[in-house]
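Before anything else, here is the set of structures, which you'll find just below.
Below are two complexes that have chain A in common, paired first with chain B and then with chain C.
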Partner chain A sequence: MRNVWIIFKRELKSYFLSPMAYVLIALFAIFTIGIPFGLASFIERNNASLYWFFFFHPWVYMIFGPAIGMRLWSEEHRMGTTELLLTMPISPWQAIWGKFLAATTVIASMLLCTIGMVFTISYLGEPDTGVVWSGYIGSLLVGAASVAITCAVSAVTRNQIVCVLISAFICFLLVVFGIPQVNDFLRGLGGEWLSNLANGLSLSFHQNEMSRGLMRVESLVYLLSIIGFCLYLTSVIIRSKRS
Partner chain B sequence: MIEVNNLSKHFGPKVAVDDLSLSVKKGEVLGFLGPNGAGKSTTMRMITGYLPPSSGSVSVGGADIQDDPNSAKAKIGYLPESAPLYLDMTVSSFLNFAAELRGMAGGVKKEAVDKAIETCFLQKVRHQAIDTLSKGYRHRTCLAQAIIHDPEVLVLDEPTDGLDPNQKDVVRNLIKEMGKTKAIIFSTHILEEVEACCSRAIIIDQGRIVADGTPDELRRRATRAGQVQVQIHGTSGDAIKAELSRLSHASGVDGESTASGFTGVVKPRKAARGVLAGEISTLCQSKGLQIIELHEDLGRLDDMFRELTSQGKA
Partner chain C sequence: MSNPSDNKPSAPAPGVRKGPGLLLTSVGALVVAGIVAAVNWGVSATNGRLDFTEFKTHSLTEGTRSIVERVDTEVTLRLFVSENEILPPQFVPAVEETMNWLARYKELKPDLIKVEKKVVTPTSDEEEQAVTSGIQGNRGMFFGMTITCLDKTAIINWVPELLSIAGSEDDRIEYYLSRSVSEVTRRDRKRIGLMTPLKLAGNQMPFGGNQSPPWAFYSDLKSQYEVKTIDMGVKAIQTTSQDAKEGVDVLVLVHPAGISEESLYAVDQYLLDGGRIVAFVDGYSYMASQSGGQQPGMPPGMSPGAVDTGSSLGKLLTTWGYSFDSTKIVADKGASTPMGRDFNTPILLTLGKEQITKTENVVKDITNLWFIFSGGFAGSPATGLNETRYVSTTAGHSLVGTEYATINPQTPEGQQKFEELERKFSPEKNPRLLAMRLDGNFKTSFPEGKPAPAPEKPEGGPPGGGFPGGFPGGGPQGAQGAEGAPAPAATPPAATPPAAPAAAANPAPAAGTPAPVSATTPPISIDPVPAPSTPAAPAVGTPTPAPGTPAPGDATPPLPLTPPPIQDPTANLLPPPAGVNPPSAAPGTASAGTAPTTTEQLKESKKPGTVYLVADSDMLCDLLTRNMGETGNVAMALNMVDEAAGDADLMKVRSRGAAIRPFSTLNKIKEQAETKIRSELQKLEDERTKLQEKISTAKTNKERNQALYTGLMQDQKSQIEIGQKKYQLVKKAKKEIDEQVNSIKWKNVLIPPIVVALAGIVVFITRRFNTAAH
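Up next, the complex of A and B:
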């Protein structure tokens, strides 16, 4: 636990000592707040709900998850510091968790900076606190999942651009699986089960459910297992890279 | 302290390290020599637990690097090749990070960081970001990281690579000093370095040990070792050459004859190293010849190295 904390501290410092984290936080706020106001006529709907605010989060994470996670292992591989880190008396797991938690903390700080949205809907009406919480938890988990995916990809390549492109593509698939057009197409292709499968595997579906206040065990289990699986994959990749 | 038994490493069909065994005791500095690609770094990576071996075992201070990696790693300080560092950190925050991962905290940590900074002469740059440092400082920062927990075992992969002559000297002295109380293994392809600070040297080529001994022993194994360089005057060169080739310990004579003397080398018979020069001197005295130069070649590590490693043969 102590080692996870040491790695976490170093990674987090490294995010916040460079302009990177601030730029990402600012851009995230601009996108996530700007899109619902601009595209989804947030005010005109006059609805005290953050559904349309959270609706775009999986799309935004498609870029922001990879942007935050790309350096986690790619940078270590590129600089050769993997060799330093993994010859310390720590287990690779501790390094993986420390790094993942630091990146997730950056996601959490992004979300924290959108807190203005909560005030906006409080102005529009009486928001349901439970639904707001559920949406934020969903968003955090979806963000964490995209970071975990990127984490696994970054363990493969030392090139950060390649890492961003591949992880963004994977996130993209996991987002579009949940949009109605793609679902309809898949239903025509292979029937209801295929469409349901894609929907169940999509990040956007689970985000939308949680934005509505439906915090279901399936959603939590699904998102947490994506994270768990990707981190496990990361450890496998790191081990196989060494042999 | 370091026990390496029948260590092998394959990368696909390529054999990087082939059934290599060695041991380094406390108070010993082992120089690890070999041409590029001989398997030096791969071996060191296996000793430090970064690469799992294909077969064989490594134990450090009694702990097996595979079965009990954390207690083995805790005993090792490692300077990887090219001295990787987190460039966005300052020297002191990096060393603090390393100290924390080594299990230190509070006053102990502070003391260890200060001592490492002092030992590696980093006082001037301790608050500077690592990416603003010159190569020499970066190298020493990575070295400081390796010695921060005062390890029993040091594994240094080309510790003087890319340093200027003064910095090289500093690092060599450090190694020599630390070698008194630790088991050190370091790789290099600078042969003078081996002579300067190793108590023992191993030459490897294509993943195998081709020579193992003190630098002196290795040097003596070079073909040129024991040859006697002569310049003798007093009579015609051909006559001198003939006398020299009749010597019981000489196996051959090579050189230039002039009307007044002879300049060249006398090669010894196998068992005659060290006595040939004496025989030549006696000969000259008895014949009244004048010795201008008489010098026994002690052998050079470079020759030895070239003779043993495949690149030299090619």
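Up next, the complex of A and C:
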């Protein structure tokens, strides 16, 4: 655990001692808050709910998850420090967890910066606090899932741009499966089972459910599975690279 | 607290193949992926969930659990849904959501609740089955449900509108499902006692005249319940627990004008025995004003057989903590109804979302109501009672005399009177209640015991300013009028009914068929009367003529909301309707559910009782309201009866709060901006009125006085200027609102990134200093 903590601190420092984290957090706040006000007529809907605020989060994470996670392993590969890191008295799992938790903390910081939205709807009306919490938990899990996907991809490549593109594409697929029109198209292609599968795989579907205050056990298990499996995959890739 | 083994590099010793090593190969990764997929698949089948909503919107309520627990015969929940290719994409997830809801019901009683899904394809057996069951497709699509138990079937025509699609946590499907299960598994039809001097069931005109149709409220009641008419002079009313065969589950009082003390006592005792009451009283009942016809030399409503225009529940209301003046009507400028281009009448109330408590099931689906010459309740519940508000006026209301109800606002004189009213208008500070529910333990309004029977009144006695029609049961001479019973204490009897229209000078053409009232009621019906799907309600305050095919025999013309050309200044606002029941006649009135006397007086509630109170009775008459387009009037009334007749379990399902949470602060901001300019607008309006008066006077003299004419031109210029000023004021108020909204938007969008940027700069500077120090 101590080793995870050490790696976590080191990674977090590298995020927050460079302008990157601040730029990403500021941009995230502008996008996630600006889109509902601009595109989703947040005020005009006259409903003290953050559903339309969370609605766009999977789309935003599609870019910001890879942007935060791209340097997790690609940077180490590029600098040639992977071997150095793994020759230290820590296991790959500890390194992976430390890095992942640091990136997830950046995601949490991004979400923290949107807390003003909660104050705004509390000022304007009487929101359902439980639903707000559920939405934030869902958003954090979706963000963490996108970071975990990027973590696995970054373990494969030393090029950060390639890492961002591949990760963003995977996230895009997982988001787009939840769009009714795409889901409908898939149904036409492969029938009901394909449609159900796509819905189940979709990050946006699960996020939307949680934004309504409904946290299905299957959503929780799915998002945690993505995180767990991607981190496991990272471990497999790193070990295979070592050998 | 690290494990020492953690500190070692995890690379296996050469030549040694450890267990985890296999897992960390590509083959292992595939195996793990398979396991993860299997776990996810298994979990998705469990349908487990955590409900974070305040009212547990996504979980079955205790009420539903109790209803399903009572099921002892097989109930089939059958979903008829078009194939996905036909459904719009956004409805496709709703199919799964619906099946999830049905599965939850099945989980509660798997042996008796059966769930079936029928995919409807064009010209298939399933389509035939859906249509035969009474499910009406919507533009060729089917997404309805039948709930069947033995020979009873309930129908939910269009499920998507009951599901939360696009953001709202407001799933209503549970309410309609539970209600359907409750209805089809119920052994007996509930019995409703209807007590009214009006003829809700329609009226056969004498001499072979056209028959007016029954009120939609009455028709819908009859389709769902066993309706028993209760005599207005009833002496005792039994609850079903007292008399299972003749007792009534719910007592509905519609404009109980002239109800006698003895009858009030009967109502009081019925309530204390756990009875449920839905009462529609009135400040001025237009339908009553048209009863009994016109007698030469007598004011309308005063002729024999006429019903008094005001009604109340007298001392019952006082005991419950409320007052209701049945000689006054509500004038509400904030809810006034447009009657012409520049004229709104404040005594016809167009009530929108702001005035309706959206968290209550009785009214949560209702977007607009139209009250006609309504009274208003004031007060607070007596000890032991709980008040639930449904509908209120705006703060800009006041009580005015009923004489305004007899003025035709479409005449210049009428408009003048209303303008005068506007000038004199002094709004009350707090909104007045128009509809509410009281429940709890009631106390008797007759602590001194049963009132003595009123003495018989000689035939044809003078009306004496009381209730000229009177009711069976007799009454004293003088104040009560012929055959009249004593007036209730809180119903001021002295009010001489105001001069009602002599006759409609501009009677509207024969009205259309009754508006499809059931279309505004919940999209559910019990066989054999399937309800049509719910259409969208029109925008509040935008009265549009209801489409309707004129039906022969419909004798009641609608309210002429579109001002006709002014031909006769004596023409009245409301043409005489049919459909009123002269109280003295009351043919076919049975004392159903009643007993001659009760032996023991109840002083307080044996069981908690419930009373629904509405301050208007004309709102029930769809024959009057149909020209307003779709109003929720009848739907609200039926919801009240439904809720009252439902068992406690069903009420629990209904009373769960809704998830609509409006931006109340934003609405207040808007209100404040409007209030700010209101007085200025009023000043300008007064100025304009004065000028107009001046101009109209000047016009008659202009030929004789050129100088005055010059002044007149000046006045007209000023009038235009005032118009412009008014426009600028309204524009300014709108700008003020927009500025506040924009300020909220920009603060939200800009403050977080600025704070983050500042934090970044601080970190950067601190680091620079530290580095420099080193």
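Assorted remarks:
We take it that the second predicted complex is superposed on the first by the 243 of 243 C-alpha atoms of A that agree within 3 Å, B and C clash if a C-alpha of one lies under 4 Å from a C-alpha of the other, contacts with A are read in each partner's own complex, and residues count from 1 in each chain.
Rule of thumb we're sticking to: a contact is a pair of C-beta atoms (placed from the backbone, for glycine too) under 8 Å apart; a residue touches a chain by one contact, two chains touch by 3 or more.
As the structure is a prediction and not an experimental result, all values here were calculated from the model.
Once the two complexes are overlaid on the shared chain, A:Asn3 sits against chain B and chain C alike. Of the two partner chains placed by superposition, A:Ile161 touches none, neither chain B nor chain C.
Once the two complexes are overlaid on the shared chain, A:Trp52 sits against chain C while remaining clear of chain B. By the touch criterion defined above, A:Thr81 reaches chain B but does not reach chain C. Counting the residues of chain A touched by each of chain B and chain C gives the higher count for C. When both complexes are overlaid on chain A, the residue A:Ser14 reaches chain B alone and has no touch with chain C.
Looking at the shared chain after the overlay, A:Pro89 reaches both chain B and chain C. When both complexes are aligned on chain A by C-alpha atoms, chain A residues 3, 17, 86-91, 242 touch chain B in the first and chain C in the second.
Remark: chain A residues 3, 6, 10, 13-14, 17-18, 79-81, 83-84, 86-91, 242-243 touch chain B in the complex. Contact residues of chain C toward chain A in the complex are 1-2, 6-11, 24-26, 28-29, 32-33, 36, 39-40, 43-44, 46-54, 57-58, 84-85, 88-90, 92-93, 96, 164, 167-169, 659-667, 741, 744-745, 747-749, 751-753, 755-757, 759-760, 763-764, 767. Remark: chain B residues 45, 48-52, 69-71, 73-74, 76, 78, 80, 82, 84-89, 93, 97-98, 100-103, 142, 145 touch chain A in the complex.
Here chain A touches chain C in the complex through residues 1-3, 16-17, 19, 21-23, 25-27, 29-30, 33-34, 37, 43, 45-49, 51-52, 55, 86-94, 113-114, 116-117, 120-121, 123-131, 133-134, 180-181, 183-184, 187-188, 192, 195-196, 199-200, 205, 211-218, 221-222, 225, 228-229, 232-233, 235-236, 239-240, 242, going by the rule given at the top.
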